[in-house]
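First chain A sits with chain B, and in the next complex the same chain sits with chain C.
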Partner chain A sequence: MHHLVVDEWSRRPGWLQQRDPRAKLVVLLTYLVCVSTMRELTPPALVALTVPLAAGLVLGKLPVSGVAARAMLVLPFAGPVALAAWLGGRPAQGLSLLVRAFLSAAAVLVVAGATPMPLLLRGLEGLGAPSFLVLVVQFLHRYLFVLSEQAQHMRLAALSRGAGHGRARRRRALWRAAGGALAVLFARSHARAAAIHRAMLARGYRSAIPSLAHMKMGVPDWWLAAAGVILIAGLRTVLALGS
Partner chain B sequence: MESLIRVRNLRFRYEDGTSALDGVNFDLYPGETVALLGPNGSGKTTFMLHLNGLLRGEGEVMVCGLPVDKANLEEIRRRVGLLFQDPDEQLFMPTVLEDVAFGPLCQGWNPADAQARALRALSQVGMEGAAGKAPYHLSAGEKRRVALAAVLATEPEVLLLDEPTTYLDPPGQSELLRLLEGLPQAKILVTHDTWFAEAIATRAAFFQRGRIVAEGSVAELRHRFGWAARLLPRACGRD
Partner chain C sequence: MHIPDGLLSPGIWVGTWAASAAAVGLAARRAQRELDESRVPLLGVMGAFVFAAQMVNFPLGFGSSGHLVGSVLLAVTLGPAPAIVVMTAILLVQALVFQDGGVLALGANVFNMAVAGLLAGYLPWALAGGARLRSIALVVGGFVSVMVSGGLAVAELALSGVAIPPLLAWSAAGLFALNGLLEGLLTLAVVRALAVVQPGAVRTAATAGRTMVALGGAALVLATGLVAIASEAPDVFDSLAERTGIADRARALILTPLAEYRLAWAPDSWWGQAAAGLSGLIVMYAVGVALARIFAKRRSA
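Here is the complex of A and B:
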């Protein structure tokens, strides 16, 4: 079965992968604030906002095309709002919204792609995120794998019985069947998720997924946090003064 | 001799009203390996889930002298290791090492000690070389061994094995047999594989409609219930 690509990126031997998740999260937060509060996205601003992303991609040995393609998944959600702005006679604002959504998603992907999920969640908890929220994200992440696996199993089962081949009418029938398959997928994933939860309880799980990794902010981590925040906040200030 | 597990008049109904256990009495003594046999839906797995506190019905369930209740759950789950039928449900961490260390970490061991326990358990099942791998990259037999290591890492006193030979080819089954024979813990084994049960179990109990209807050796019960006996002589060349 194929598994989440982002999870595989997070295990690459990049410099960014070795940094403390809290340092990466602080830089990410600064970047997101900067992107969302910038008044205008002028070409110099765009270039400036791309620099930290490019640095993250290089330091994390992450594929540009892979990150860009996944960041685009956010566009259908931001699209309707951008379209409304466009139709309301503010095309620049609509475009700006799309660009901000894309840059934010790419930044989140860079951090998620350079940090294994259990560590990322411990980092969030370390920065004061509510434990309940972290717990919900833990299970969402785990069950995303379950859902993906179940979907792949069902796809293989359908293909083995001739789905996906043949005439248009059969393809239409397949689409209609897909609705029912979704319900089955949900039911099967739910049963599987319950079984996994039972297995976790059997091994002593209480309220948090523990990690072997020991979190400690070393000198490079402090450097990353400080340099990241100063660089991004500095760029933001310079651009604000220039506009 | 004092029993490690003592069950008296255990009854359990699922939420839809189906009666799964209907007055089960059972004892497990140190050093024993007991095979639970019986048809599908007869209550074997449901019974086993009670021994780890994952299900709770009416009646008395004592594990290592402790009643299975909320106050003792943590201790009971430390003492009773449960190997699930499907290893994919049991292995949920990103790497084999993290998965095997999950139990010790949940028990409160510090990361260094948990890692040492995990590596020891992996070496016990011959999987120390897979520590850094993702569980989903392993073969069925390897997953089974890693799942067993994950249970052994918590150093339980009792092992509960739910259909441990599922997904294993014959060499894999033989390997698992050798592995289990070398473990000192008392074991309860749910299985349809009477060859495997006969090879490892010191006695057996036969479940039917939520009750234990007979106890004895695997061979006796197989003969008495005519259970799988028709296929086995030809398939395995055994009588």
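Here is the complex of A and C:
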């Protein structure tokens, strides 16, 4: 599964994986802004924009084909927009939109592939994201796969009892059954949340999830942030002057 | 519709980020006030529930099926402020873990789906009184939430300079309408089942709040919808100025992007006027809340 593969990448012994998440997020945002503000994507610009990505792949020991394949998942969503531009008489704009979407998705994958999700969330909190929101995301991420697995089991159980096969007059019954399944999942999620809170209180929970990792920007982290921002901003300036 | 990165112009993603940050910040503060600490894990688990719920398929016939999106369901079970926080958390996880929606575009996606779409979908429920009306409100709310989210996404792409032919725009509207109807019916199916499995899970809007919601909804419709049929003729003062020949002497001392109640970069379009109207509403609401707080503090002091 996609998230398991990306999670495995984040545990590789690469230089990028060791860096502070805040530095990586700042460089990511700089790159995304650079791609977003490019008016024209000429071949030299395209080559220039792949350099930071390539550096990230090397420093994070990330697989090129894996990152490229997963970045292409964005194309079915960007495709209709590109098609709209093409049908509107601007094929170049359509192609540019597709390339920008792909480059942006690849950049996010490089950072997500080099940073475990809990650290990424702490990085976001360090950059000013509301603590309450980050806390909710932490719980959501923790129980996302537990509840998804439960929903899968319920779906398989329903299929094994013949759900999904029937004529139009049975469709109403199938809707009621699916609605009932969701309601049961909702009730179980509700009850689980109460049990989670009680268990956390029993382990000393005090309104924040403690972490063993201590975030402190070291010299390599400052180098990454400064070099990344300066090089990408410089690249953007050179491309702007050249166009 | 999750907008990926690279499609929106800087003006649009900066603007939507600012609007979303303000809205989510307010919603988070309100949610923290409304909920006690024991309910914080509930918000995360409910977000995980929505993810899991999207795996349960409802048969549509012709070999196809659909799934719940869940924003209206979250709003009627948790309340609108906590639901905004949960939907924002979902969109954040989708962007970072599953690359479904961009990071720069997150502001726009949050505004479309977690703020505007969610509140628009909650509005019918907040106004509905009896049980029968609530069933209709759920279907209408689900429909409206998808139409508002989808419409905003298309408008943002158009304002970003993406050429969208009218036929494609109408096709998209048709698809959104179909998905919206599905969302409404699915939400109704789940809420009805919840009434049996977990009575009390679904909240009812307070009566005192209904008047405010109705007024707010009316203002929104007037500012964004009815401008399409508003008269283009000048008002009394402008007409008098033209007839007496002094209209040419008028000079704007400051230039703003919303001059003449239109967006500077889309002056002749309906959405330019609607966006200007909506911006004005938001500014007036913010000024009103700020003034009310100042007066309340002075009174209590």
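Methods note: the second predicted complex is superposed on the first by the 167 of 243 C-alpha atoms of A that agree within 3 Å, B and C clash if a C-alpha of one lies under 4 Å from a C-alpha of the other, contacts with A are read in each partner's own complex, and residues count from 1 in each chain.
Everything that follows uses one rule, which is that a contact is a pair of C-beta atoms (placed from the backbone, for glycine too) under 8 Å apart; a residue touches a chain by one contact, two chains touch by 3 or more.
Remember, it's a predicted structure, so these values are computed and weren't measured experimentally.
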Exercise. For A:36, is the partner it touches chain B (first), chain C (second), both, or none of the two (neither)?
Worked result: second
For this session: Classify the contacts of A:204 with the two partner chains as first (chain B alone), second (chain C alone), both, or neither.
Result: first
For this session: Could you look at A:85 and tell me whether it touches chain B, chain C, both or neither (first, second, both, neither)?
Result: second
Problem set entry | When both partners are placed on the shared chain, which of chain B and chain C touches more of chain A | C
Exercise. Touching A:196 in the superposition: chain B (first), chain C (second), both, neither?
Worked result: both
Problem set entry | Contacts of A:181 with chain B and chain C, given as first, second, both or neither | second
Exercise. What is the contact status of A:118 with respect to chain B (first) and chain C (second): first, second, both, or neither?
Worked result: first
For this session: Identify the partner contact of A:147: answer first if only chain B is touched, second if only chain C is, both if each is, neither if none is.
Result: second
For this session: In the overlay, answer first, second, both or neither for which of chain B and chain C A:17 touches.
Result: neither
Seminar exercise, completed: In chain A, both chain B and chain C touch residues 3, 117, 142, 192, 196, 200
Problem set entry | Of chain A, residues touching chain C in the complex | 2-3, 6, 28-29, 32-33, 35-37, 70-71, 73-74, 77-78, 81, 83-85, 87-90, 93, 97, 99-105, 108-109, 112, 117, 120, 130, 132-133, 135-144, 146-148, 150-152, 154-155, 164, 166, 168, 171, 174-176, 178-187, 189-190, 192-194, 196-197, 200, 207
For this session: In the complex, go through chain C and note every residue touching chain A.
Result: 1-10, 13, 24-25, 28, 31-32, 37-49, 51-53, 55-59, 61, 68, 77, 85-86, 88-90, 92-93, 95-100, 102-104, 157, 161-165, 168, 185-186, 189-190, 192-194, 196-198, 201
For this session: Using the touch rule from the top, collect the residues of chain B that touch chain A in their complex.
Result: 49, 52, 54, 74, 77-78, 81-82, 84, 86, 88-90, 92-95, 97-98, 101-103, 105-107, 111, 114-115, 134, 136, 150-151, 154
Exercise. In the complex formed with chain B, which residues of chain A make contact?
Worked result: 1, 3, 7, 11, 116-118, 142, 149, 192, 195-196, 198-206, 209-214
